[in-house]
Every structure is written in C-alpha cells, then in structure tokens.
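Heads up, the next two complexes both have chain A, just with different partners, chain B and then chain C.
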Partner chain A sequence: MGGVIEVPAHVPGFPALESTPEGAETLATDLRAVAVDVKNAESLLSGWAEPGWQGQARDAQDHALTRFVVRLDDASAALDVAVAAAGRFEERISALSLRRAPIETERISVNADCAELVRQIDAATDDSQEQTFRSRAATLRTRAAKVSGEIAAWVRDYDQAESEFIAALERVDTLREGRIAADTASRPDVDALRAQLRRIENDPRAVAAWWAGLTPAQREALTTDDPALVGNANGIPTRDRDEANRAAVYADIDYLSQRKSDGELTEGEEEQLTNAEKVREQLDKYRDLVDPLTGHELGYVMVYKPGEYGGDGAVAFAFGDPDLADNVAAFVPGFSNTTSSLDGNLNNLKGLYDTSGADHRGSTSTIFWLDYNAPDFSGDPAGIVDGLMVTNPLEAMAGGHHFADFIAGLHATDQGPAAHLTAIGHSYGSTTVGHALLDGAQVDDAILIGSPGQPVANAALFPHVGHVWVGSMDHDPVTLLGESIEPRIDGITAATDTLGFDPAQGTFGGTRFATGDGTLRVEDLLQNHSSYFQGQSLHNMAHIVSGDDGAVTTQDHRHFGNYLTLPELVGAASANSGAHALWDGAVDLVDDVGSTITGLTHALDPRSWL
Partner chain B sequence: MRTLTLLAIGVMLLAGCAGPADKAEATQQRRDLDSAGRQVTQALNELVPTIARELRTTLHGGFTGWASCTEPVAGNAQAIADVQFDAIGLPTAEAVGKAAAALRTQGWSVSADPRGGVKAHRSGIDLILNLQGIVQSMSLRTACVETSKDVDQEYAGRQPRHLPVPWPASGIG
Partner chain C sequence: MTDTVEVSYATLQTAKSRWDQASDELAPAWRRLATTSTGSLSSRVASALEAFRQPWVTELKNAASEATANSEAITIVGVQLQTTDAAAAQRVRSLLPYVVHAAPVREL
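Let's look at the complex of A and B:
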C-alpha cells in the first residue's frame, strides 16, 4: 500500500443506563397507586365520625381528623405533582428508547463494516484495491462520526430528562412544599373534571377531544382521583387507560390485602381481590416484553372492573397499542369466561398477535375484551342456571351494546391512517359480536368462531361490516345449535328457541374459512369447540386480521345433508369412542339438570326451552 | 331443540368437566408437560445464542412457562416461551436469511419472509421470529398436551420463569 488507510475506531455503545422504560413505567405506576391509596383514604376519612361518640370526645375526634385530612390533602397534592413528573419522565424515556434503536443498529453495522474492511486490507497482497479501500474508509469515517454524534446527543437528552425529573420531585419533597402545592391556584379541580367527563362519557369522540384538551397535570390528577372512570372510558387513549387501570389494580391489591389481613374482607371484596391478582399475574408474566411500536410494555389494560357481573369481573387486555397499530383485532370470549380465565385467553391472543405479525402487513394489536356477563357454569344451582342462559340471547344483546361502544372508542383514539379493524367472537361471544354488529359496530372484518347462532339470517343485515368470516368445525357441537336458515327436507325451518341462525350455512352470506372438522370422539367434542386458536384455523384468522385475505383457505358452507346434525354427531362420536356409557350418562344428566332447574329457569326468558 | 341443547350441554359437562383424572393419568400428563417444558428450554439454549450471534444482537428479555391452550372449560396446556432481542445490526432481509440458514442448520423446517419474519417447526415446537420495530420477537409453542382441567390449571398457574439478562453462557437449566 502507498500509505496509511484510516479506518475509524470501534464506535463505543451506549452507556449502561439506570433508567429504563420498563423501570420508569413501574415507578410511575407505583406512584399512581400510592396517590390512589392516599386519595381513597382522604375520601373515606372526610366527614367520618365514630358512631356513639359525643361531647369532648367527638370534638377531639373531629379536630384530629380534620388535621389529618388536611395533611393527606397536602400529600395528595404533592403526589399529583410527582405523578405528573413521573408520567412525563416515562414518556421521555420511552421516546428515547425508540430513538436509540436505529442508532444502535447503525453503530453495530458501522463496526462490523469497519472490521470487515480491516480484514480485507490486511489480506490484500498488492495495491490494486487501494483506491477502493480509501473510498470505503472515507465513507465509514463519515458514518462513524455521524453515529458517534447521535449517541452523544442521545446521552445529553437522557441526562437532561433525568435531571428534570429529579428536580420536579425535589420541588415537592417536604411537607411545606406539599402544602404549597395543595394551595396553588393552578391545582387541577378534579371534581369539575370528573363532572365534565361524566357528561360526555357515552360519546367516545367527544371524550377523545376533551381529553386531548387537558393539561398533563389535569389528566394525572383525574387519573389518580378516579382511576375507574378514566381507565374504563371509551375515547381515552389506550396508554392513559392503561396507566389508570394499572394504578387501580395495585391500589386495590394494597387496600384489599390489608382488609384481608385485618380479617375484614367481605365475600365480594374477596372476589375483587382475586380478580385484581389475576390481572397482576398477567402484567407480571408479560412485563419483560416491549411494544415494538412504543417502547412501553407490550400489555395494556383497557378495562378493569373487578367487582362487575356478580364477582366475575370485567377486563380488557391488549397486546400492542391499538391506537397506533395498523391492524387491530378485538376478541370477545363466550360461555364460562371470567377474569379468572385470563391466562389461556391471553395465550391465545398472544399467539394471534405473533402469527398475524408474521404476515408483515403492518403492525398488530390484539385485544381480549370481556366486559359483559358471559354465561357461566359453576357447580351450584345458581351457576347452572347462569350456564343455561347460554341459550338465552339477553346477555349477548347487552354485551353487544357494550362491545359496540368499545369499538367506537377504538375508532375515536385511532392515530394516523385508519386501522384495519377486526372483531372476533367465540361461542356465545360470537353471538355477542353479532349483536354488536347489529347495533352498528363499524369493523372491516368480523370473525365468528364456534358460533351457536347469529341474530340475523343474512350477514348483509349487519350495517357497517366489510366482510364476515365464519369458522365452524363440523365436529364442534356448539356450532350445530344455530337455527337452520335453509328449509329442511320437509320444508320447515327449525324451531326458534335458539341463539339465532347458523352462520356456517351458505345463505348466511359469510365466508367459511378452513378450520378442519375436529376429532370425532365424544370426549373431544368440547376440545373441538376450544381449538380455533390453533393450527390452520389460527393461521387463517391471522391472515384475516392482517388483511391478507388472499392467503385465507376456505371450506364448503353447510348444506342440508353435507354435515352431521347434533344428534347424529353425538351418536357417531359416541360410537367412535366406544363410549356408550358416556352417552347414557349424558342423557341421565340432562334429565337431572332439566328437572332440577325447571322452575328457576322458566322465569328467565320466554325463549328458554323450559 | 330443547332436548338437543340439553343433550349437548350434558355431553360437554361429562366429556369436558368430568372429575379429576385418576392418579396414574395425572402423573402421565404432568410427565408430558414437563417434557414439553424441557424441549422448550433446550430449544432456547440453542436459539438465544444463535440468534444473538447471527443477527448481532442481545437478549432483551422474556419468559418461559406453561399456558392453557383451550379456555375455558376443557383441559389442555402447552409449554411456551416469549422472547425479545434488542435492535439488530443488519438489514431486515439479510437478517431473515441468516436466521433462516442458522435454524435450518439446527434441524428446523423453515419458511422465511424477507419482509421480516421466519416461521419454523421442529419436533412438535412451532417458532415465529418477527424482525420489525425496536425489538425483535421470538415465540415458541409446543403442541397442546391433553390434560385434565386440574393439571391444566396447575401448570398454567405456575409462575413464569423470566429469562436472565444477559443470557448466561451456560444457558438455563
């Protein structure tokens, strides 16, 4: 070589960081939970009086309580400031995390290219490539300088975010400063904010516009003052709903666990505590996974109502931020689902998230939504009656109305180009989705899996849905409960004591995607009903969610004679299994259940079979 | 229709909600799930260092454990792992090619999408690798193992095992 070729030195990586997006999120959540606890205590103690205390004792109590409540209010005001600062810090750290990824990619690439160039120069035996080497080295010097500059700027911004956060906390770290924060004229008026939100909470677009007009301090103050209102309001952005609901989960666990150790937990509170712990388990399970779109945790709690529906609770949990994702799917489960069954459902939705993402047709969000009274089977008579409501559409109608509101909320908070939105319902949840569509829920695609019936005989009667898809395994007995749309051979349609019409029939107007038939063994019939999130069925749903309709494989619609009716299916499955004893047992059980609950169920619904 | 509906519910109650499996069955089901869990751990021990090396990245985090795969009533569970890697130092198409080649070497059947994804299958495990965004995701799922509801709940209720970061050279046991 004719001279030295200057290849840039290895570009060092980012320094080890004490503040990570996950850590900032945990800190902000913990602070919010403490703020919720303090405000709950303040609310409980304001105006409280020990029954029976009179005279001086009563006066002394009033005085002590008043002083204590004032101090709590000072702490509450200080916490509002700290929570707002933590929220800002979390946003900045997450944004820095997003900015860091492409810089890191370029740094690794520059270092690898430099190492390769050095290897080639060392291996060169003559000067024939010298000019090429010099040119490549010059390009690499430019790239290395640029990436070093970007890393330095990033580190400066990171240090500044940390310093400003620490300074904000130091402004409210004494009692006196808390009092000043409480007395300041700019302290958010949470009662007025709550009243404003209550007035518009049924109009998600109005909620979204109103929320966007608030200051960060107002949002944080209302979030910690009334997390249930903020966390469950359709139209509030997912990120903010998640913050409110996480705070509520942790505050509930703090409060109810203390009640439990004091021996004061009521039966209803015990159910709430169990539901809160179930949600926390899932948050903990997925805590290490990051949303590739935002840098926040992958999981978002969009609904959290631990005391709803007789203790079953209501919950919605998203993988990926639906406000930012290109493809969004919201799933409604059916029969026997409660907050307790989150684990398997979220595993299914995570599988759909991954499989749909692998289509590479934009980013994905999948949502588990359970904010209705899914019929349940528990062992006691009330549970059995609840379970038998599975053939009663009232809960599906009420749930459908709720789900339509939730979908409207997704439209209201969607950012950027409109997301491709898919509603999915399984089992009784498919009937619920059908009622939501009838209520005007606006979706690009609807997927009805394992459906026991739809409220309309033709999908064209759903006013705002682009395409209806149906997944029905022929050996899934629940899909044979729907009313036949086609006249039977004697020209008579089935009776009307069902949840609606069978959407797998051609005249319904949906596209029946391939799911396979399932196994023809009596002990597997329920497995067939619960297997739509696996194999071919899962892959087809993933294609629909990602908008890759051309990749979906289909199967023939049901027509009279090309599938087994329910009695034929159960008979054939029993014969295949050699399970005649099981069949006989089923008949006996049916008689027992029927006679036991006849009187109770009769009053529930005129369409009931009893 | 009344009889049909009651019959279906009755059959489902008997077939899906029957009492606990007998002890020998439950023991075998636990063995099967433990075996599935070991398969996933073994796959992780091969995959994490391979992906990190080939895609010039590091483990960001994740977990492994078991989950119910047929909510709500029937039993059935599977071993799973959800893993993320940090930013990669390669163009996406090149990364897909390198990951696919490395997986094939390890005996996986691979289908690769140059837009950023790899799907693979080996010995009952499905793998999805998504290379997009600020983190790269890898999920592993075994086939569902038929179990009683009790065994399903027992395994699904276990705490997930969060993966150590940085990934130890000796892997995880």
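Let's look at the complex of A and C:
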C-alpha cells in the first residue's frame, strides 16, 4: 500500500432509554386522572364558594367551604403544570424511542462495514485495490461522522427532555408553589376555553383549527377539566382525545370504585363503572403493543361515554393513529352490541389491522365505533322495547348521523396526504353505515357485511362514496331480510317494514366480494352471520381497506333463482341438519317471514342474529 | 344544649352529599398519585416525581379526610341541622354554601 488508509474508529454504543415511552405514558395518564379527580371535587363545591374566592376575598377566610375550594385550586394548578410537563415529556420520549432504532441500526452497520474493510485491507497482498479501499474508507468516515452526530444529538435531546420535565415538577413541588401557580396570570382560563369549544363543537374542521391554535398548557388544562368534552369532540386529534378519554376512564374507576366500597353506588353508576372497567380491560390487554407511527401504545380511545344510551355506553377504540395512517377503516357493529361486547369486536378489528397491514400498502388504522343506540335486548321492559328497535331503522338513522360526524372528524384531523378511508358496517350496523353515507359521509370505500337492508335501492344514491362493497353469505339468514330490489316473481310480497334493500343484488350497484356461503345447517346459520372477520371474507376486507382492490375476489350478485330465499334457506338447513324439532321452528319461521321482520325476530332468538 | 342553623332542608342534604362526593373524588386521587409507578423512569426523573408528589399526596389525603369529616359534621335531625353548641353551629354553617353564610344560629 502506498500510504495509510483511515478507516473510522468503532462508533461506541449509546444508552438505551432509561425513561421508557410506556413509563412516561403511564405517568402522564395517572397525573391526568388525578387532576380530573381533583377538579371534579373542586367543581362540586366551587359554585357554592364565596363569589370572589379566586381573588382571595377577605370574607372567604371565614368560610370553610371557600377555603377548601382555594386549597383544591392550588392543587389543581400544580397538577396542571405537572400534567402539561408530563404530556410534553411523553411526546418527546416516544419520539426519541422512534428515532433511536434507525440510528442504532446504522451504527451497527457502520461498525460492521469498518471491520470488514479492515479485514480486507489486512488480507490484501498488493496495491490493486488501494483506490477502492480509500474510496470505501472515505464513505465510511462520512457515515461514521454522521451517525456519531446523530447519537450526540439524540443524547442531548434525551437529556434535555428529562431536564425540562424535572424543572417543571420542581416549580410546583411545594404547597406555596401551588398557590403561586394558581395565581399566575398566564394560567389557562378553562371556562373560556370550554365556551369556545362548545360554540364550534359541531364543526370538526373549526375544532381542529381552534385546537391547533391553543398552547399545550391550555390543551392539557381543558383536557383534565372537561375530559368528556375534549375526548369526544370530533376534530380534536386522536392522540389528544385518547389522553382525555384515558384520564376519564381511570378517574371514573377511581371515583365509582370508592363509592362502591362506601356502598353508595347507584344503579346507573354501577353500569358506568362496568363500562369503564371494560374499556380499561382492553387498554390493559393491548398495552404492550406499540404504534409504529408514533411510538405510543397501539390502542387509542376515541370515544368514551360510559353512561350513554341507557347504560349501554358509547365507545370508539382505534388500533393505530388514524390521523397519521395511510389507510383507515371505521367499523360500526350492529344489534346487541354495547360497551360490554368490546372484547370480541376488538379481536376482529385487530385481526383486520394485522391482515390489512400484511398487504404492505402503507400504514393502517382500524377503528371500532359504537356511539349509537344499537338495539339491544335486556330483561326489563325498556330493554325489550329497545331490542324490538332492531326491526326499525330509526336508531340506524340517528346512528348514521353520528357516524357521519365522526367520519368528518377523521377528515379534519387527518395529517399528511389524505388517508384512504373505508367505512364498514355489520348487520344492523351496515344499515347505520348506509344512513351515514346517505347523510353525506365521505369515504373512499364502504363495506356492508351481513346487511339486513340499505336505505337506498342503488349505491349511486350515496353522495360521497367511491366504491360500495357487499359481503353477504348466502347462508346468512340476516342478509335475506332486505327488501328485494328486483321484481319478484316468486309470489312473495316484498316486506314493507324492512330495514331497506338487499345490497347483494346486482341492481344495487355494489361489488359483491367473496365470502363463501357459510354452512347450510340450521345450527350454523347464526354462526354464518358472525363469520365475516374470518378467512376469505377477512382477507378481502383487508385488501379493500389497504386499497388493493385488484386482489379482492368476487362472487356473483344475487339474482332471483341463484340463491335461497329465507324460507328456503331455513327449510334446506333444517333438512340438512336432520333436526325435526328445528324443522318445526322453521315452519313457524316460514309462516312469519311473509309478513314482517318483527315476526321473524319472534320466530327465532334474534340476539345473535343482528 | 343544642343549636340549629336556619337553612332549608334541601340545602343541607345537597351540601352533605357534595362533601361526600368530594371525598370520594379526593380519596382515590391521593392514592393514585401515591402509587404511580416510577419503575420505567430514570432515577433522576423518579426522584423529581417523588419530591413533587410527596406534599400533594399529603395535601389531597388531608383534603379527603376533611371532606369526609365535613360531610359527617352536617348531621341532620328531622329537617334541621343540629349541633352541640353555637360554636359548632357556626363552624358547620361555614361548610354550607356561601349564600347562607349568615344564616341565623339559634338555640333550641
């Protein structure tokens, strides 16, 4: 060799995150929940305090209730500072966690390439490769310098994130400092913020723009003061909704569990506690999964209303942040779904998230949305009336309106290139989706599975949907409840009190994707209705969600004569099962089906049908 | 000797209930703050958190106890708030809404 070839030195390792994203997120959530608890207590009493209590009026000193409220306000102010700092810390630690992986990969790669170059130089027996070696060494020096710089910047940023968080905590770690924080002129005025949000809450784009203009301290203060408002407002970014809703979940569990242990829980509060615990179960279940887009937990609570709809509760839960994902699917369940049925539904949505992601056509988010009064039978008279609403589109219409608002919120908070958005409805939920589409919900694709009927006879009447897909197993009896669009020549009069038209028919104008027909046995008919998130059907839905339309397999539309009508299906299935007892039930069913769907729901237990 | 504060029964009931609810909010609040895990935080962040929460856990714990005591202090007999003496009546009166802070205290 003609001279020295400078191969860069081994780039040393750098520390792992000592404060982890999970630890930072847990801390931030806990602090928010504590702040919600304290502000709730303050709010219970503050309206009764001396009117000038916030100004420390002298009269107030003689009034114990007022003094108490002032104390709580000091604690609230200190917690506001801590929560805002914890939120910022959490964001920075999550971002640092995402940043670290590629730096570490490059560091290892540079070191390996350097070692290999040294080995080749040592093994060289002549000068023939000297220029090549010099060129490779120069490239490696550039790479090593770059990765060393990135490591130094990462370490500096990590140190800064911790230092700033610690400094914020130190500013409010005495009661006196809490008082100072409460008196600070720059303290967010949450009453004014709440009023501003209330004025625009029905306009998701206005909400998104308004929220973006707030300071982090204002956002956090409003979040802990009114988590229900922030967590459920369409137009607030998903990450912030999730923070508000998680805080509300834990604060509700804190408060209601305390009342339960005191023997003071009312019936309504008991339902709320059950619903809160169901949501917490799911948060715990998916806690270890990380959203590759954000470094946060994979699950996001986008709606949380534990006392809504007569105690059924309302909830929306996303896998992956829909504001950042390339492909977003929002799913509406049907009959008999409440917050209590979250587990099975989320299993399905997680399956769709994984299967769609396997298409490798961008990042994915799948959302379970239940913010409408899905008809649900329960033992009491009100529950029976509620359950009978399954034959009536009124709840689907109201739910469709809500769902359209939710979709508008997704558009308002979408970041980067517009996401490919798919709405999915199952059973009565498909009717709800149909009403949302009719209401103007703007989606690229709509998937209607196990549909008992659509509000229009032709998909072209949905104003803002790109493509309508239909999944209807021929042996799913619920899909045979829809009114026939095609002229009937079988002598059966089309039902008049249906949930709408059968979208599996060709004249509806949707694309019927392959689902298989399901098993033709009476005991399996109900199972057929709940099998769309499996096998071929699941894969086709995943392709649609990821925008891989070319990979979707189809099956023929329904035309008179190429499928069994409901009476024929029940008869054939009973015959196949060889169950004479069931046959008797089937005869009743056939008798009923000619009249109304109400008759049908009485003929067979509808709980697991719709 | 027994003293009463002349306020409406509804006001008394609501005040007692609100103090009770405030206690139910504050008791779990201090417990959650006290038990927040520091296991996945660096030692210096953990010690700053410890320093932050120590006074506030104590403060919220005291506030929770006080709220419970205040609820229990509003002992309603019949449709009246009755106390042991005038001083006790004045103390309890200050736990009621400010609008009734000057409600008459009378000896029974």
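Just so we're on the same page, the second predicted complex is superposed on the first by the 500 of 610 C-alpha atoms of A that agree within 3 Å, B and C clash if a C-alpha of one lies under 4 Å from a C-alpha of the other, contacts with A are read in each partner's own complex, and residues count from 1 in each chain.
The definition used in the following text is that a contact is a pair of C-beta atoms (placed from the backbone, for glycine too) under 8 Å apart; a residue touches a chain by one contact, two chains touch by 3 or more.
It should be emphasised that the depicted structure is a prediction, and the values quoted were computed from it without experimental measurement.
Trainee: Give one word, clash or fit, describing how chain B and chain C relate on chain A after superposing.
Mentor: These partners fit in the superposed model.
Trainee: Which partner chains sit in contact with A:Asp203 here, chain B, chain C, both or neither? Use first/second/both/neither.
Mentor: neither
Trainee: Return the chain, chain B or chain C, that is in touch with more residues of chain A.
Mentor: Counting residues of chain A touched by each partner, the higher count goes to B.
Trainee: Would you sort A:Glu130 into first (chain B), second (chain C), both or neither based on which partner it touches?
Mentor: Neither: A:Glu130 stays clear of chain B and chain C.
Trainee: Quick one: is A:Glu270 in contact with chain B, with chain C, with both, or with neither? Answer first, second, both or neither.
Mentor: Neither partner.
Trainee: Quick one: classify A:Asp517 as touching chain B (first), chain C (second), both or neither.
Mentor: Touch partners of A:Asp517: none, neither chain B nor chain C.
Trainee: Give one of first, second, both or neither to describe whether A:Ser257 is in contact with chain B, with chain C, with both, or with none.
Mentor: After superposing on A, A:Ser257 lies in contact with chain C but is clear of chain B.
Trainee: After superposition on the shared chain, which partner residues are touched by A:Glu164: those of chain B (first), chain C (second), both, or neither?
Mentor: neither
Trainee: Could you tell me if A:Glu150 is touching chain B, chain C, both of them or neither one (first, second, both, neither)?
Mentor: A:Glu150: touches no partner chain.
Trainee: To be precise, I mean the smallest distance between any C-alpha of chain B and any C-alpha of chain C in the superposed model; what is it in Å?
Mentor: 13
Trainee: In the complex formed with chain A, which residues of chain B make contact?
Mentor: 1-17, 56-57, 60-63, 65, 67-74, 76, 78, 80, 82, 84, 86-90, 113, 115-117, 119, 128, 130, 132-135, 137, 139, 141, 144, 146, 156-157, 160, 162-163
Trainee: Under the stated contact criterion, what part of chain A meets chain B in this complex?
Mentor: Going through chain A, the ones touching chain B are 97-98, 100-102, 104-105, 107-109, 111-112, 284-290, 292-293, 295, 333, 335-337, 341, 343-345, 347-348, 350-351, 354-355, 357-360, 363, 377, 387-388, 390-391, 477-478, 480-481, 494-495, 497-498, 522-527, 529-531, 533-534, 566-567, 570, 582-583, 585-587, 589-590, 593-594, 609-610.
Trainee: Which of the residues in chain A end up touching chain C in this complex?
Mentor: Residue list for chain A touching chain C: 18-20, 22-24, 26-27, 30-31, 33-34, 37-38, 40-41, 44-45, 48-51, 59-60, 62-66, 68, 71-72, 75, 78-79, 82, 89, 162, 165-166, 169-170, 172-175, 178, 250, 254-255, 257-259, 262, 264.
Trainee: Going by the contact rule at the top, pick out the chain C residues touching chain A in the complex.
Mentor: Against chain A, chain C makes touches at 15, 18-22, 24-29, 31-33, 36-45, 48-49, 51-52, 54-56, 59-60, 63, 66-67, 70, 91, 94-99, 101.
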